[in-house]
Structures are given as C-alpha cells and as structure tokens.
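Following this line, the structures themselves.
Next come two complexes built around subunit A: one with subunit B, the other with subunit C.
Then we have the complex of A and B:
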C-alpha cells in the first residue's frame, strides 16, 4: 500500500478500471450494477469512518441521513408542480431554470424540481438536521451517544414509514436520472451501466481525496487528539465541540449524498434504507475495515455490500453481518487487517485464568 | 376526552409499561454488575415469549412458562460466557458493538427457528373478551397478571439483593469489582449470574404480556430502546425507580395515540429519551450513577 494519499487514490482509480475490464472480459458485465450501488453505500461508510475512527463518536443513525438525502431528492424531483403552473412562485422557479419538465410513470407531462437544485436542497436539509441533532447529541458519551443516535434513526424510520406523502411502506419511485455534467448522468438503466459505474467510483475517489487531505491536515490531527483524550485535546486549545459537530455534519452530508445518488441510480427509495439494521451495517463495515482506516473501510464496504447485493448470503444476510461484526470485535477490534488470532486466543486464555482482572482498555 | 376513555388509555399504558419496566430493570442488573448496557436485553423477552409458545404445544401453561424462563436463563449465561467473560474490561464502544451484534444474531436465529409469524400464549384466565369491571373501566384479567408479575419480580429482586448472601455478593461486585475479588468473591461468576437473572426476568415478563402484546422475532430492538429509556428515566441503577419510569413511558405512549397518528407511537418513547438525555441526564428520580456514566 503506497503511503502518499495521491498514490492511493491513483491506485483506487486503477483498481476501478481493472475491475471494469475484468467484468467485461469475464463475461459478467451485470456485476457492475451491484458494484455501482456499493460505491454509494461506500460513501456513507467512509463518512462514518471519519466520525467513528477519527473523532471517536459512534453513530447508530447514519441510515437516517442516507434516507434524508434519498427521500429529499426523490420527493422534489417527482413532485408534480404543473397544476400550480400559473402561480407566481412556480413560474419564477421555472424561469430561473430550477424546474424541469418530464413525463411521469403514466406518461403524462409533469413539472418538477430539476435534479441539481433538488440534490442541493436534500444535502442542505441533511446538514441542517445533522447540525440540529448534533449540538445536543454530541455532548453525550458512550452508551448515551449510541442510544441517542439510535433513537434519532428510529424516529426518522417511523416518520418515513408512517407518512403517506413519502409513500409509507412502498417508498418513492419514478425518480428521473441525474445529469451531473453534460454527458455524465447517474441513472438511465442498463444501457448506461458502464457510465454509471465510472461516475459512482469517480465520486468515491473524489471523496477519498477530500477526506485524505482532511485527515492529514490540522483538522485531522485535532480529531485524532480528540479521539485519544478529549480533555487533553481541549486543554491544548482544540475546540472539541466544534470539531466533533463539523465532523458529524460532514459525515451526514456524505451519507445524504450517497442516498441521493443511489436513489437517482435505481429510480426510487424505500423505508428499509432508513432502518436501524442499515445503520448497524454501516457501523459493522467501519469496524471490520478498522476504526480510523478510511481505506480499510472502503475496501470492506465495496466487498461486503457487493456480496450482500448479489444475494450470496441468501436469507442469512443480516446474520452474516452480525457474525462478521462479532468476530472482528471479539478477536481484532482494530480491524480485520490487524487480526492476530493466536495472540487474541492467548490473551483470552490468560484473562480466563483466575486472578485479578486484566487492565482496562483506554 | 371522557374520563372512561382516559382510564382505558391508562390501563393500556400500564400493560405496556410493565414490560418496559422489566426490561429496564434487566438493564440495571447487568449495568450494576458490569457497567455494560446490554443491547440484547429485548431479545431475552422475545426468546422467552416464543419458547413458551412452542413449549405450550405439548406442556401445560405453567410448565411451558417455567421451561421458557429456564431456556432463556441458559441463553443469558451462554451469551455472557461466549462474548463477554473472556474480554476483560473492553472499551465502551467495543461493548456496544458486541452486544448489538449479539442481539442481531439472536434475532436472526429466532427468524429461522420461528419464522415471521406473530405468536401469543393463551390468556391465563378467561379469554380475550373476559373483562373485570373496575370503577367503570373494563380490565382484562391478563393486565392484572402482568402488573402482579412485575411487582412480584421487583419484590423478589429486592429480597434477593438485600437479604440473601448471593444477592449481597452481587451488590459488592457492583460497588467495587476489584475489592470484591480481593475478598474472595468470584466476580466472573457473579457477572454471569447477572446475565442469567436479567434474562430470566425478561423471559418471564415476555410470557406474561404475550397474550396482550403478542410476540414476534423482531420485537427485541424496540423493547431494548424503550427499556433503556426507562432505565435512564429512572436514573440507572434502582429497580423501584425503573418500574415507576416504565409506567410513565407506557402511559405517555398510549396517551399519544389520542393526539398523534398511531404510526408515530414508537417515536414517543424515543422523544422522551432524547428529552431526558438533554435536559436531565441524572434521570427523573435523580441519581449520581447516570451522571457518572455520562462523564465516563
């Protein structure tokens, strides 16, 4: 593994191209669909990795931010404003180019918010929610933080599930493709499979570049100091509360972006994306990848989400995540790459023998 | 709202409050002994109820319930020995993730054993239409069974922790694990015992309320969240306060149906939790224990 962050991003790009060529030559181009989807889940995972590994704050509610991004984009881009075409507000919006005409599922003409402004609104909403939730929640620690974020996730899930406007148990569908740049779009079905794949992993590479720079900067050092010893960091002049809050908001924005892009890609989103189990999955992926290792998280997320989306775990999907999570947490809490099974078993045997308890972990 | 309707909500709230209270007490027992919040607490209730339904197919009801409680206690011991015992004193983050993993594992196994079907034990006395008239309110005898069991559990725990040697040893272990070990107590076995106890009372409560609230493989996570709310509201540690808090949460939740759409019912308890965490982290009844956890 190269040390320089730019070399690592270059390696990622090379791997992305290699995988695409391999699926082409291997006669399995349909693998790209799941690989593309796993890229967007990976955006959530690396954001959570920043929060858990660097700022040391657990969040059991990241699926909620994913859902806010996805549902925000889906709602705005499918909401038909054409009955209100005459009103001043709608015609003003239409003239500024924020609205886009489209044909809805039944083939009728519809007027909705264009994907770019819808995306901006969804991200802004996620950031605002993260900020409002983060101010009180991040003052909590340990079990309280875990339960409070879990509670936040539960509220968002039950609101999504119980709101007719958001499709209740069915979710929202018919979301149009998202034209990022002229000639580059997210969505568009099977014909655009290769394009979608490169756009998705390009976005991940971009996120890794930004996050890589962030953790190597003054901010990253401050975050690591907070993780190590919060009080000590505070006494050295690190504004602990502000750094934690900003990291929380940044990771929520990444999750919301992942949600919005995936919704455009698949054309819809359902309440399952907001469930607590999804949040736990993201935590599991970060734990397996190694807390504080963005690249480990990326590799784990791409692999596990791909395998899960291909349905290789069958009906044992959630159980597989639980077993992986338990295995890593029991034997190798610093991530799968640091696994040293003989040492872990020796330590366990040592602790099981009678005598005073082993020393406390930091 | 008429008085009769308000009383009806009150009774429904007390029924659900019973189960929240017992889950909250279960959290307290394990927290006192180990400093761990066991996220798999709700799964004990689920396993208790489901096992009792299965056993009831070929055993009389009291035997089926006794069997279910024993099976769940064994599960509690198994969880502790397999996942907790040999870890020493792991970090809080690691412990949270491990107990969450255990809860998912139990839930998925339950899904494969019992399927997605919702189950229930028969009513202990009478059937679903039997009702007692209490001051103009119709109360199912099962509600009285639930309340009675909840109070019996608390009384039995009080007796156990105050009057028996084993209970005193567990309190010693809770107060200071190192000192207890130096006095010759086997703290590891006492910790296992705390899981067994807490699994047992959860299973018992799961059996008693199952005719009214029903049981399915997925109820554990919601119960854990509400049980934690109750434990925090009661100020982590005391059983009496947790029971009172359980009834408060249960009643708030059932009263919320009068004002909010029923789909948001689950969010009410969570809103209570968040409000308590932000405004009064030492719990409604005040305890330094909660403050300590917050600062740790």
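Then we have the complex of A and C:
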C-alpha cells in the first residue's frame, strides 16, 4: 500500500513544521537544538529497527558505528594538511576540490579534507567495518550475537578512548559546518538553528521514505521471513546470510551518517558516543517503539532523546533508559506502542508469580 | 536423464548411520514416495536432497548436476522446493505474504531497487502477488489470503505451506509427511490435490506414513529401513515384497 507509506512521510513533514512553529510561538526556540540532535540519534534508531525488528538480528554495538561516522568526519575535516602543501599528493587533492581551506580554533589558516569527501570516507569506513565484523558475527544467533556485537562495541570504545590522535577522553573539536547543498548546511551555531532543524528532520524523512519502501519490497518480505523461520526462508530461495549482512551494513551506514551529521552540527564528538550504554539506549528505543515498527521507533526515539538531551533524567540518564528497557521486556516485549494494557498486566502477573500448580504442591 | 538422481548417499550422526548408501531416481512428472518405519532416515534423506545437510558420501544430482552440499537457497533457485514435517510458516505474516516469500525465486528486486521503489519492481511485485494468489487458490485457501498465517487451523496451515512451496513454480517438490495430522476426509482431498499438482508438470517426492495415500497416489515407492533402501518399485509390488512386510509387521508375519 504505497499510498499510506507516502501519507505517513507527509504526516511526519507536517509534524516537523508544526513543532517548529510551536517552539517559535511558545517562546522556546532553543528547544530546536535538542530536537535537531534527536533527529540524528533517530537515524541510528530506525536503522537498528530495520535490523532488529525486521531481520531479527540484535546489535549491541551500534554506538560504535555512530562513533566511526562521527570520528571519521571529525578527523578528516580537522586534520591540518597545510604543512604538506608543497607535496604533489596534497596539491593534487587541493586542485580536485577535495580539500578546503579554513580557519582553525586558534585563528590560523589550515587546509583539511572538505566535508563531503570526509563524509564519504567515514561512511565507507563504517560500511567496511560492518561488513568485516558482520561476516563472522552474523552466523551467531540470539545471546551469542548480542555478546559478539557487545564485544565489538567495547573494542571501538576502548580504541577511541585510548588514541591520542582521536583526542582520547576529550574527543575531537573544531569540526566545521557541513554544506550539503548550496544554502543547506549542518552546523553553523545558533544563528542556523531553524535551518539545522529542517535539514536534520528532512534527512530523517528521507530515511523513512527509503526504509519504508524497503520493508514493503521483496527484500523486506524476505527479511521478515528470516525473522520468522530462518531455515524455511532459505528453502524458499532467500539467501539468508547475504540478506542479514546487507541489512547489518545498511543499518551501520545509517548509524554512521547520524554520527557524522551530529558531529558537524555540534562541532565535535567525544568518546561517550561510542560507549556501550549508548548502544543499550538504541536497543531500548527500538524495543519501546515495537519490534518491526519503523514509525514506532521514530516516535519513541524523537521523544526519549529529546527528553534526555533536555536533561530531564538528570544524572540518572543512562539508568532511565535501562529502566525503560527492563519495563518493556517485562510488560510488553512487542513494544509499548502496541500495548494492550489489561492483557499485559495479566501476562506479567503470570510471569512474576509462581503458577497455581506450584501453590497446590505439598 | 532423471530429474533427480540420488547416488550412493550416506550420512552418519556420531554413532548412528542415519542414511546408508541409498540410491534411486525420480523421473520427471512422477510422484515418488519414500516410506519406512520411524527412524528409517526419511527426513534425513530429505535434508540431504534439499541442502539442509551435506552427505558424507555420494551424490545428489538435479537434472544431472551435482547439488549435494550446496546452500539451500541455491538449490531452491534451481527449481527444488519443499515443505516441512513440522510446519514452518513465517510468523507475523499473512498467508498471502507467506506464499509471496515462496515466490521469492521468481523475482530479482534487491536492496537498492526496493529502497528506491523503482517502477520495474511494481510490475514484479504484482507478478509475485499473482503467483502467490494462484498457489493459494490451487490448494483451496485463497479466501484466507489476508489472515495471519500462524493463526489458521492446522489443516489450513499445512495448505498454506504447500502453497508457499508451489508459488515459486518449482520443478521438483519435496513434501515431508503432508498428511500428518489430517483426518481421512482431508487426506482424500490431499490425494486429489497431489494429482492436480502433478498434472501441472510438478514432479513430487513425498515422505509419508499414511499408507492409503502412498498406495493411491504414487507411481513408485522407495522403502527405507535403518537407513538402507530395501525396495524401490510400484506400490503393488512393494506391498507384496516379503522383506517390506517383515520390516513393517515384524518377523512373525512372514
């Protein structure tokens, strides 16, 4: 039903405009900053939703892909190549337009990779890492896959935290704005707040359109079949291994894009973005939104990330997401947005108390 | 050349020789049954043919080409489809969607075409949907097309599984105990259905316990006992074979 697919994206666009107008008229234009940031986290969440909800494969390492995208873009766009200006390689790159002159934090002239090629490199790196990690890891199932991806996430976090080049515990700063198209940039500070907000949510709408198409396609059906009965899907001619791997790479690319854009938006990235708690947070968001529901994930991510970024959870930020995950698993494993409250309470009571059989035993 | 040729196939699980040096042919357009007591190695043999397991020795040839040990999806793409002894429908999908996954091999839209919803995929989707509806119609569950497949009755789920296996237009269809759990009336209906499927040019290889079904519909019967082939002949001859009678009824029957 393509019509409802496009109607939903149109509804999203309308909601995005309505929220912007509401912040304007309500005198809270600064809300847009967090709303913009939550858009980029939402890119990670909807990509993970495709992997978990449709293909049925868990990843506790998606923060790592976010970090690869962010750090990749940050490193290339801040690396000063001007001392090597005389070398043939650098002057060739400069002539092809792949390098851009800029003023660094101390006001000196610097020459770095332009944001577009840096973005392309960062995304390609994330895709390559996802492919290399995915080939062995996606042969695992359930707990084992969860643990393996957790291990991968931990490795990336440790590498980022321990590498001086990547700023170690301080992370990287001074990342320039990313001009996507003439007149449309990610970054640029408070003056570009409204523009940034629309660019970010425009990218989310684009992702929803593309992913919505995918899940309604032959491939989307095959992914749900893999989720339902992997061996039977194979017997129907679905190349299970390849589909899982491509989905993993696609969701990693979305996570890396989110990381790269957010880094340009805020001007830097820190090692916290690669932490395991961030990965758990994305999993919690997908779980709340309902496995297999891209739109449920979108709504949950936009709301929870915004609330978190506004600091409503205070110092218990990570704990809040862990509690959310715990409650979803206890009361509504299919996601809160699909919750049938009375039935869920009955089921939960059954799970928490020993059954009537146990009581009657002597 | 036979459509399917099984040549000296063996499979061992630890100390258990599940299939031992089994060989037989399935001719195009035939209905061939594989019978045998529980544990005779019938399902293992099916797994060896469909690629779920790789044999320790021997060859499985489809149209003369060795396929043993190939991945299941490649074998499926070559025109071999199957159902499962225990129903393996895709949960959370309708009967029509299940059958459309069965038609997967008839399409080619990949990730990029799907994400961009390219116009040529619209036609392909319509064609896959049409194939799926035809298959559901053939097995008599088209009115249930939009129902959640795993919530249908047992007999209906069996039918949907059969439709799913047919939707891709296979040349050879492997049915693992299609009559299991069906009552007599349903079994008689299944026998007529298998005849209709054969009339459409689909060759059938059937593992079955229900003797009336086997004797009614099959052209040839292979009998397995403890992993070995003990007979391979027309149903009437197999019924008279003293070795087969002994295996089924015990020593005293002879």
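Please note the rule applied: the second predicted complex is superposed on the first by the 344 of 362 C-alpha atoms of A that agree within 3 Å, B and C clash if a C-alpha of one lies under 4 Å from a C-alpha of the other, contacts with A are read in each partner's own complex, and residues count from 1 in each chain.
Here is the rule we go by: a residue touches a chain if its C-beta (ideal position, glycine included) is under 8 Å from a C-beta of that chain, and two chains touch if they have at least 3 such contacts.
Model, not experiment: these values are computed from the prediction.
Student: For A:318 in the superposed arrangement: first (subunit B), second (subunit C), both or neither?
Tutor: first
Student: Is subunit A touched at more residues by subunit B or by subunit C?
Tutor: Comparing touch counts on subunit A for subunit B and subunit C gives B.
Student: Quick check on the superposed pair: does A:152 touch subunit B, subunit C, both, or neither? Answer first, second, both or neither.
Tutor: A:152 sits against subunit B, while subunit C stays out of touch.
Student: So, does A:214 touch the first partner subunit B, the second partner subunit C, both, or neither?
Tutor: In the superposed model, A:214 contacts subunit C only, not subunit B.
Student: Taking the superposition on A as described, I'd like to know which of subunit B and subunit C A:102 touches: first, second, both or neither.
Tutor: neither
Student: With the two structures laid over each other on chain A, which partner does A:280 touch: subunit B (first), subunit C (second), both, or neither?
Tutor: A:280: touches subunit B, not subunit C.
Student: Quick check on the superposed pair: does A:238 touch subunit B, subunit C, both, or neither? Answer first, second, both or neither.
Tutor: The second partner, subunit C, only.
Student: Do any residues of subunit A touch both subunit B and subunit C, and if so, which are they?
Tutor: Residues common to the subunit A contacts of subunit C and of subunit B do not exist here, since the sets are disjoint.
Student: Where on subunit A does subunit C make contact in their complex?
Tutor: It is residues 2, 210-211, 213-214, 216-222, 224-225, 227-229, 231-241, 246, 250, 292 of subunit A that touch subunit C.
Student: Help me check something: in the complex, which residues belonging to subunit A touch subunit B?
Tutor: Going by the criterion above, the answer is residues 52, 56, 58, 60, 136-137, 139-144, 146-148, 150-152, 154-155, 158-159, 161-162, 276-277, 280, 283-284, 287, 315-316, 318-319, 321-323, 325-326, 329-330, 333, 348-349, 351-352, 356-362.
Student: If we count contacts the way the header does, which residues on subunit B are in touch with subunit A in the complex?
Tutor: 37, 83, 85-94, 96-98, 100-102, 104-105, 107-109, 112, 177-178, 181, 187, 221-222, 225, 228, 232, 261, 263-264, 266-267, 270-271, 273-274, 277-278, 281, 293-296
Student: Going by the contact rule at the top, pick out the subunit C residues touching subunit A in the complex.
Tutor: Against subunit A, the touching part of subunit C is residues 50, 52, 71-73, 76-77, 81-82, 84, 88-93, 97-98, 100-102, 104-105, 107, 109-111, 113-117, 121, 124-125, 128, 164-165, 168.
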